[in-house]
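First chain A sits with chain B, and in the next complex the same chain sits with chain C.
On to the complex of A and B.
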């Protein structure tokens, strides 16, 4: 590298100073707090009481963690399957309307989470159009007798719908690009050899885009797992997402020990999901380059 | 057969349009519904701008509006300023430090806002910065920096390296090169980073609720108070929502049309 091109490492200083103050220090604060070391905890001192309370049988935190996990997993599964199928549909069909209407799924990207959650609430509450339609159809078919609660319900149906609205776009954006990079001559050759669309998807599109799909699944799961606004607005009084429990512990109950402990558990989970995201992203890039 | 396939194309388009546009349309209908007997009527019996006018003239909402629209551009501006030098390094040097830095910055997206916000809350409590509006700017920057850095770095990578070398040979310092060569040539990347950072700040709820409450109100906080607080009022919430939603959507559509923001940022998540 020539002298002209060498750039000093000091150029990174503003970024690292910022990260030290707004990432490292807060994370250390939360980790120490989980072990009782924080001036905000009354009668503070090193302790494992937070973890004992968190993992004790029948603890509301464990219940909340379980609810957060399965609800996020269901929302991720729906969003990833639907988003990937939509990306495949666009790649294979190349519908004429896409150029004109490609902005439609991007509405979700530019809508604030909290407002999107509210917008879905207006559709899902018992007199909302979606609730009236779904309950009307299910009652007409004889599947249910009493109308279902689609929002603020204990199963988190509203949360799942609100999250899928967002993450469908994310999955589609993350998988559509890699699908476009697949050499069309391979697909053409397969077609000439008599492969059906299903076979082409199974043998060409999926193997060549699977890491992008796994990467999108990891980031969508992470997004679902850690979000606050959607479960806050569309969730029930109980069970609640762990993020909502932490928010309440901090803002309503001043229970900092449990907020830090839950935060610590949350951190571990999100780092795991983040690890898979970066691992699959790297693999996807290597795969595409090859 | 061909017609059948075309019908399916339109069914997909119809479903997509309903899925994405219906929630937005509902926010507009609620904001315009001056009279709506939810128990018996499917539609509002009277439409008008009454709620929107009430919210515009409400001093509480006005303050929140001003706060939101002061915080968002300032957050975007500071985010870009802080990203320029690191982006230059990342664009021009592909060494281990650059790769580690990118990994760390990307990793910030993996951390839950509520956890980072709780940690910052402790720091702000001891620094006496809780409820300080200006202290919200660096907190709002937390999720804007990864996108901004990625967008600016990608733009800087597009700048022909000979231009920089010519400028350097003629005696320009590195900062002059950034100022006179890189910045004018990469305004699109800067603008997309600015728009996205501004949108992130406008949308920010958790950090504002944790660090600004109860003294600093933004529009998202007001919307939250109107849907989950003590004075629940969906029509008011819908009217206030429009003050964020419409500028966000218009800005988004324009930036997609001219800058392809989301596509350039795809791969990051939100």
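On to the complex of A and C.
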């Protein structure tokens, strides 16, 4: 081993120790726990029972995972589309009021998730203003007869609304910056050649900002997938997010084996989703820069 | 060019090999640590090895039985401090802070209330135990059945029969002292300090005054009542609020009989056999609940907690629901619930009651002060204060007489307690406990059999 390499190992040792203690050790705890090896599991020992239970037919864990995925995906889709459209609007129209009110969307990302969740609950519960308004309008129009459940509902409408509230801002912030970096001369040239706004969005803005859009979508999706506060407060008795199932397994049922197993599966899926998105977007951004 | 590519490939292979080697090393180390820390076949609860004595007194699991109460009081004063870990909200903190201040004024012993959540507190004790920390941060810990079970199984209780040592503990009914933790045996290592009670809350202004109110006086009449008043009944998700699972236990007992569960051994097979067999209604428990659900408020949509349930009542959405007395009392006192709406009663054959209580931590730094403080918590006037301010029943008999008349007049108290007299109820029972393990099974199955359907 060369002198340089030896010295660099010593310099990097604190980083290795940090990674081992703060990153690797907790992950190993979860992985071992999923296989029944943990002091928290009564009568524990190497076992695959957790996985058998998790993946058995009709298992509540599988249903919960499925719900977590599709609900997070819908929330992500809405947040990304709305956030990106807003960023595009600001980029193209450059409204004069934006400078004065640009702090308003930021309130959402400074608000703790739990507070946001309770705030939405008070608006969406059967006597909440939003619920009364939405149901009142829909009933007046004859669209529905019975009021809709907008919170603690089996479709996770409350969860989606609660999540979109803050991930909208996140998406907007992540896409607004890259949109500002697009050379305005290209847009100007397109306009001079007679391109409509729709064409400019389709041919210039979207292609030049799509990787930022994918990257923000991946961040928002992972955030939605793993959060606990919003589904805990706004979710139904069933279906529940996997994070809520884990919380109940630990604090109510003292079932650490299933909590670790769910955690392990969650972890793998998050890593896979994260890896897929980030690898794709990183490569694409590098390609775009070249 | 070729050699550069080969070198790059080799470098990549080396990195990959290093990564795999590091991962394997970590897995082996983790596995070894897990094996070392894994619980041994013999549970630590049975240990009777005396713990090291506290810094100021010679009190331990063996010597404590040899001292007189006045000796313990003197030792407590010498220790000079007690730390009381509670769970709940800021209201509970205020109530126990007041109790603590009075204790301090009476004995000159500094008293500190620490508000936390029961789960973290027990986990902290377990961590202390595993780390071999013999002098901890908490003396007295307020718990309910589940954390008590966790604490007992992990050996973090001070292994002393508190009932034998603490004079006032003998005033607590023996049955509640030994099994008030949802029938999980306490062996005297736990002393109840509050008697929570779930009752039925109904709209008195609409359904009428007791005893002529149009309410299901027996749980057997509930299904007929909900059919007659569709959309006017709810109960909270049993996994999110105690009023939900306590009510379901009452329903379970009414369908299959309390005898089937009282102090019975538990097996999943037996729980399944009971709950999937026809009950008094002719349906199994889950079909019965699903039948009730059809006529409930927003069928399939369960309020996510006690507060969410009472908010529906306050909004006039529902007319009947199971609810804790303390929640109703707090809502009336806060001005959110109109007292003229509130009717409270206990349906036949009864509603189970958890008796939450305290333990002394295995590594309590002030054990004598802890004993003295628990004794103080069970004084008649202190119990009356807790009952009046928390909305609980006292756990010692004479305290109810000390609860101010204006508090007792509050409609949050049930109108039909057994014998119509608290003292008689206290002496003659019945005490109706939840069975923790059957309740646990029921709560988990409720998701599959009710919430998911």
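Miscellaneous remarks
Note that in this section the second predicted complex is superposed on the first by the 260 of 290 C-alpha atoms of A that agree within 3 Å, B and C clash if a C-alpha of one lies under 4 Å from a C-alpha of the other, contacts with A are read in each partner's own complex, and residues count from 1 in each chain.
As a working rule, contacts are C-beta pairs under 8 Å (C-beta built on N, C-alpha and C of every residue); 3 or more make two chains touch, one makes a residue touch a chain.
This is a predicted model, so every value here is computed, not measured.
Superposition model on chain A: chain B and chain C are shown in a clashing arrangement. Of the two partner chains placed by superposition, chain B and chain C are both touched by A:251.
Of the two partner chains, neither chain B nor chain C is touched by A:201.
With both complexes placed on chain A, chain A has more residues touched by B than by the other of chain B and chain C. Of the two partner chains placed by the overlay, neither chain B nor chain C lies in contact with A:75. In the superposed model, A:236 lies in contact with chain C only, and not with chain B. By the document's definition of touching, both partners, chain B and chain C, reach A:127.
Of the two partner chains, neither chain B nor chain C is touched by A:213. By the touch criterion defined above, A:111 reaches chain B but does not reach chain C. By the document's definition of touching, of the two partners only chain C reaches A:37; chain B does not.
Once chain A of one complex is fitted onto chain A of the other, the partner contacts of A:153 are limited to chain C, with no touch recorded for chain B. Comparing the listed stretches 110-118, 218-226 or 416-424 of chain C against chain B after superposition, the clashing one is 110-118. Contacts of chain A with chain B, set against its contacts with chain C after fitting on chain A, overlap at residues 25, 28-29, 38-39, 127, 233, 250-251. Those residues of chain A that touch chain C in the complex are listed here as 20, 24-25, 28-29, 31-32, 37-39, 42-45, 60, 63, 125-127, 149, 152-154, 233, 235-239, 248, 250-254. Of all residues in chain C, only 26-27, 29-31, 34-35, 37-39, 119, 130, 146, 149-150, 153, 237, 239-240, 298, 300-304, 308, 311-312, 315, 317, 440, 443-444, 447-448, 450-452 touch chain A in the complex they form. Chain contact summary for the complex, chain A toward chain B: residues 2, 4-7, 9, 11-16, 18-19, 21-23, 25-30, 33, 38-40, 86, 89, 93, 95-97, 101, 103-116, 118-123, 127-130, 132, 165-166, 168, 170, 173-174, 177, 219-220, 222-223, 225-226, 228-229, 232-233, 243, 246-247, 250-251, 259-260, 263, 266-267, 270-271, 273-274, 277-278, 281. Residue ranges of chain B in contact with chain A, taken from their complex: 5, 9-10, 12-13, 16-17, 19-24, 26-27, 30, 38-39, 42, 82-83, 85-86, 88-89, 92-93, 97, 101, 103-123, 125-126, 138-139, 141-142, 145, 149, 161, 164-165, 168-169, 174, 199, 202-203, 205-206, 209-210, 213, 220, 223-224, 227-228, 234, 237-238, 241, 244-245, 248-249, 251-253, 256-257, 262-263, 266-270.
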